[in-house]
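The structures considered in this document are given below.
What follows is chain A paired twice: with chain B in the first complex and chain C in the second.
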Partner chain A sequence: MAPHDPLTLPKERCVEFLSSLEIPIAGPVSTGAGEVEYRIAPPGEMILDGYVNSAISPVRFPYPQTQILWRYSQNGEPRFTPEDQSLRMAIFGIRSCDVTAFRYLEHFFDRPPAETTFLDAASKILLVSIACNEPGENCFCVCCDGGPFLEGGFDVQLTDLGDRFLFEIGSDRGAEAARRAGGMLKAASEADRTRRERLAEEALDKFGITSHMATGIRKLTSRRVAEELWARLAARCIECGGCAFVCPICTCFDVADMCDGESNGRRERTRDCCQYAGYSREASGFNPRPDKVSRFKRRFYHKLSFFYLQQDGRHGCVGCGRCVSACFGGVDMPAVVNAIRSERIEADA
Partner chain B sequence: MESLAGSCVVCGYCGSGCRLRMVGDAAGPVGISPILTHPTSEGRLCRRGWTSHQPLRDSGRIRSATIKKAGGKAVSVSWEDAIAHASEMLAGSPAGATAIIASPTSSNESLYLLGKLGRTFLSTQSIDFPGGSSTLAIQRLMARWIESTCGIREVDSADVIIAIGLGDGDACPQIVPAVWRAISRKAAVISVDSWKSDLFSEADIAMTPLPHADAVWIDALGSALSSRYEPRIPAEDAVGLAGIEPGQIERAAELLRGAKRIAVVTMTTSMDRLADRRSIDALGRLLSVLRTTGDWLGILPLFERSNTLGAIDMGIGPDLLPGWRDAGDAEARASLSRAWDLPVCEADGVGIPGILEAGGIRSLLVIGDLPGLGLPGSEELLAGLERIPLRIAVSAFPSAWTDSAHIVIPRPLPGETEGTFTNTEGRVQWSRQCQPPPARQEWEIWAALATALGAPWRYATIHDLRSEIARVVPGYEPLAEASIEGTGEFVRTLWEVGELGRRLPADAPLPGENGDAQSLLLCVEQVYLPYHFDSEILRSPIMRRELAILPNEPHVLIHPADAKEAVLRDQGRGVLRTGHGETSVRIACRSDVPRGRIIVPDIYARLVLGPLLPDGASGKSGLYAAVHVAVAPK
Partner chain C sequence: MATHLYVPDLVRIEKIEGETVDTKTFTLDWVEAEAHGRFRPEPGQFVEVSVAGVGEVPIGIASSYGRDGIFDITVRAAGKVTRALHATRPGDRIGIRGPLGNSFPYDIARGRTPIFVAGGIGLPPLRSLIHFMLARPEEYPKITILYGARTPADLVYKDELKRWEADPRIDLHVTVDIGAPGWTGNVGLVTELFKKISPDYAGVVSYVCGPPIMIHFVILTLLELGVPETMIISTLERHMKCGVGKCGHCAIGHKYVCTDGPVFSYVQIKELEWQCGENPT
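Entry: the complex of A and B
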């Protein structure tokens, strides 16, 4: 993709811009309870600014909690029909952490053998992100290379400059969106660019939570975390699964075949949780992670150890903060990483 | 795919009353979203909530009504025909011949109308719901201390929490963050439980008294706190009688004496904690001491199902009328008759045990699961019910009970139900329908049945019904406001009621039978919760997988160290022996079992205890047995 100079889009023309894309748009819509959720809705209903991220990530559009992979029929010749749920659409207002998660999932599912259900759906989605001038109270993307402003990964990144958005193009698909917008977009001034840089710098100082991921990665990878600490942290896990279900980059899933009558059925994939005892139980009945402590430890090894960082291109957290809201026991990612960091063990002394 | 319009649903499992949002499209829900601003859940859901869209996707639902024709063949009919048939069969039933087992997961509107139908046109007081009997004791306590209940989030602000029977918190998980937040603020926790759970690994005092010994430790604690407390039981006696550790009573009393804000949280599912009159009386006396200590927050009873409290409020019980009024009170009945403009049945009613085991019932209507189905002995139960000439099932999924029923009507699931639910704090919340039910809303089924039976009631909309509930049931006045159908909610006001005087289980512990020095104490405890056997939750493939971990044969639980000393192997078999006999059972090791004890899950109590106890002692009172056994490998 050729580099593009930043543009600006007046806020009052944002709805017009989204309409010009001529595809269904999902974006932040008020739930009426002081929250937003990402929903396919008319562009006029989208919230343009001042919202904190949704409880469930918009990565659910290509990767819903439950989805049909294919249907089967045994009437006559057995037939297996893949379920095409992909939709050419845009996600407007997606936050930086979720864009990072989206690209992580593409990388993950593209590992051989490629998982085409997700990849097909993801390939048809245009991501128009809005950078975070004001992080939410649980956000810590700044510690996870997940935001608050992105250098890449987006198709279009918008930055709220008050009465207009700075409009950055990050891909050919983003360039096509800009072409459709035509005269709505103007070249950004030097002052606009400077303001964008200043907002990005100021945002860094607004995070209430810090999570020392590098220390966590180092200690976990070198296995210098005491068993007693794992036991103490796991004691506060009630195995609700919330951390996995809200995490935009968790990829544990379960597959079940559901009968629709005697001759028809469907295979469904449902997001699952590695904290559940049954998740790792093998067909023989043997469970390599039979207790809560081993499952808890395993989750954080998968998220943070260097082995997975190398394999997946990044560690397993984008700092969206959803696990902070979801966890009953306060043993969310930043809490665990900070407990690991502050633990003094002999090897570290 | 998008969020289903108007999809704010009250979770259908425990009494926390979490609201969640169903995410999906026209083809149905594909996921769940928590609600961050919900006052109870604050965006946290347990594994049941997170998988609650899966039963809605199950294609094994009962989708049409059926009537059993001569020869036993069930044929599909419209729901209107099923109602017409049911009304023909029910019409003219003598007083007391019909019994109703309602569901604590139905809406207030459904429960209210079902109770009204039952007590008027069906002429019965034999109306009960699963779990009703296990809440009897705490109902009695609440009746006396009703002005002192507190909310889940208020527990956060306590500086001493007495937590009774909470286990690992799975029965009502929303209490867990409240307790831990309090601990983070350096609040002290006095845990009283059958288990040494992770939830209270940070408790200051963790007592594991024997079943049916709660009155002893409570009396000892009360005596240590106040010289006015009667009867006085010295702490050292509590150690011997209740099986608690030396010094625990004194330390608990010391914590409470220095406390500014005290909260008591107690689970109501436990059959073994606070299940007898003496314990409840003792707790009542203890509360009277605690409420004069510092800034008393109150007691929070945790109910096991999504609308257990609503079922009680709506008068689902053989001796309970709407608004906690005593069904045996002629004045209360007369008052209700005036409100309904109909005579209220005066015949004595029976609860679920009486319905299932006693004769004389001619028609049985069950909403949801048949209690006991899937547990040991359910074949005998079903065979016994075959004697009832008319069996009507309102159920979401097929089962041996629906196979046996003469009339089956599809039941809506959470997500298909519209109506209000009252959580364990008394918070009344509206739950929306995010997809249509296979037949009708439950309240519409009862309204149609009442009309077919000749009732003059006409409820054009659920709002009409809510307006009536607002007039008849104290505390539910705000139900008349249309705003409840938004994200509105209210906490129902509490009202003063008199002593309900309900019967409570016998409490005599059985004597030890074996003087063997190496013996262990055998206790019956509620190990598995009602949701473990819920037909709806088992329609979630993930939950089915998780719950399949439970051993499905009679077994006992033992601490691994005790098992090692007795040369018992986890999942192996062992022999339990008393002076009366012996039995061979599966052994399961669990580190949360207190040392020196063997725990029998209550669902296997009769099977395991039968050979070990004197004849006749393993009946219902045997559920509370504590008996010494010798244990050896088989």
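Entry: the complex of A and C
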């Protein structure tokens, strides 16, 4: 991609810009309870500023909770027909953490053998993100290289400058979106650019949660986390699966066949959670992780082990804070990382 | 691989052979020439077997594979998909994805003494390599097979075992955990069978397949006998769903048994255990 100078888009022309894309657009829409959810909706319904990220990540568009892989019919010769659920669309107002998650998922599903089910869907989605001037109360992307502003990974990154957005192009597809917007976009002034840098700088100071990921990675990978600590943390897990289902970069799924009558049906995948006892249980009854502690360790091993980091290109957390909101037991990512980090201090005390 | 990772190809069930009260061998042939052309399994690889409307299970390929395209899978009825498989009849069509996973390294066995150690339903995946070696007498002149099952009734490939018994290239020893009327053979764990053989263990390469607990103790025995760590080759067993390293269920540490395995050397097993702190066997 050729480098592009930043542009500006007046907020009052944002709906017009989105309409100019001429594709379905998912964006933050009010749930009516002071929160937003990402929904495919008319651009006029979308909230342009001041919203805290949704409870469910918009990575659900390329990777839904439940998805049909193929359908079968057994009238005579059985037939398996792949189900294409991909949609050319845009996600508007996606937050930096979720853009980071989106790119992580692309990397994950691209590992050989590449999975076209996800990759096809992801490749058809234009990401128009809005950088976070104001982090939410559970956010800690600043600790996870997941935001609050992005240097890459987006197609378009918008920054809220009050009456207008700074419009940064991050890909050829983003450039195409800018071309469609045409005269709505103006070259950004020096002041606009400086303002963006200052907002990015100021946002870094507004986080309430700190999670020392590198320390977590070091101690976990070198196996310096005591069993007693795992046991103490796991004791608080109620095995609800909430952390995995809200996590934008959890990838595990279960597969099941559903019958539609005698001779037709479908194979579906549903996002799964490694904290469930049945997750690794075999038909023979053998279960390599029969106890909650081993499953809890497994979850954080996947998120924090250096071996996974090497394989996946980054560690398994973007700092979106959704597990902080979801976990009843208070054993979310920053809580666990901080417990691992302060373990020695506690032992010495 | 098919272009779509999860869509199976069709095979026709040519023959169904009852092995034990709960185990059958299915001989399968491809319905479409294109799928047949793509299918080039190596010994030790597995397939995902689909019964539409019921589900999919990973099953090791239990025979060598030639140009005729025909291959065997041996399946114990343990869950709902395997029970549905047992209810099929010759002529029925089922779905197959594969071949999947890595395979047994066989080049390292040239000039060494191959010892197969099988527990129960662990014999079928090893059979793919046994057939492979038997077809190449120049490279693999002699092999040893140690096979343990729960009871005499649980032994699979009973007719083939008789042929192997009579084959001068094969040193076969069979044992059962619990004897039965008419059984005059060995009784005891498969590890007991090492007392029946006395190879130069430094020159051995061993291929192990069976339930996790059996693998664990066979590896301990092989180490004790002096088999080099790089020459202990074992399958690892985990619950696989997708078979292509995506669904996460079969992970041990950061490895996926379905794509990084199912075949690992003891060196790899040990490294994995050190990395993740979980016992891979």
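As a convention for this text, the second predicted complex is superposed on the first by the 344 of 349 C-alpha atoms of A that agree within 3 Å, B and C clash if a C-alpha of one lies under 4 Å from a C-alpha of the other, contacts with A are read in each partner's own complex, and residues count from 1 in each chain.
Throughout what follows, contacts are C-beta pairs under 8 Å (C-beta built on N, C-alpha and C of every residue); 3 or more make two chains touch, one makes a residue touch a chain.
Owing to the predicted nature of the structure, the values given are computational and were not obtained by experimental measurement.
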Simultaneous placement of chain C and chain B on chain A, clash or fit: fit
Chain B versus chain C as contact partner of A:Arg267, first or second or both or neither: second
Partner chain in contact with A:Arg236 - chain B first, chain C second, else both or neither: first
Partner chain in contact with A:Arg281 - chain B first, chain C second, else both or neither: both
Touching partner for A:Leu69 - first (chain B), second (chain C), both, neither: second
Contacts of A:Ala33 with chain B and chain C, given as first, second, both or neither: first
Once both complexes are placed on the shared chain, angle at chain A toward chain B and chain C, C-alpha, multiple of 10 degrees: 80
Partner chain(s) touched by A:Ala256 [first = chain B, second = chain C, both, neither]: both
Touched partner set for A:His302, first chain B, second chain C, both or neither: second
First, second, both or neither for A:Ile56, with chain B first and chain C second: first
Which of chain B and chain C A:Pro78 touches, first, second, both or neither: second
Minimal inter-chain CA distance - chain C and chain B, angstrom: 11
Contact residues common to both interfaces of chain A (with chain B and with chain C): 254, 256, 259, 272, 281
Residue ranges of chain A in contact with chain B within the complex: 26, 31-35, 37, 39-41, 54-56, 60-61, 64-67, 85, 87, 234-236, 238-242, 245-246, 254, 256, 258-261, 268, 270-273, 276-278, 281, 292, 325-330
Residues of chain A touching chain C in the complex: 69-70, 72, 74, 77-78, 80, 82, 108-109, 111, 113-117, 223, 251-257, 259, 265, 267, 269, 272, 274, 279-284, 286, 288-289, 294, 297-298, 301-302, 305, 307-308, 310-311
Interfacial residue positions of chain B with respect to chain A in the complex: 1-3, 8, 21, 23, 30-38, 42-47, 50-51, 53-54, 57-60, 168-170, 173, 176-177, 180-181, 184, 198-199, 201-202, 486-487, 541-542, 545-546, 548-549
Touching residues on chain C, where the partner in the complex is chain A: 1, 3-8, 10, 31, 50, 52-57, 78-79, 82, 93-95, 211-212, 237-239, 241-242, 244-254, 259, 275-279
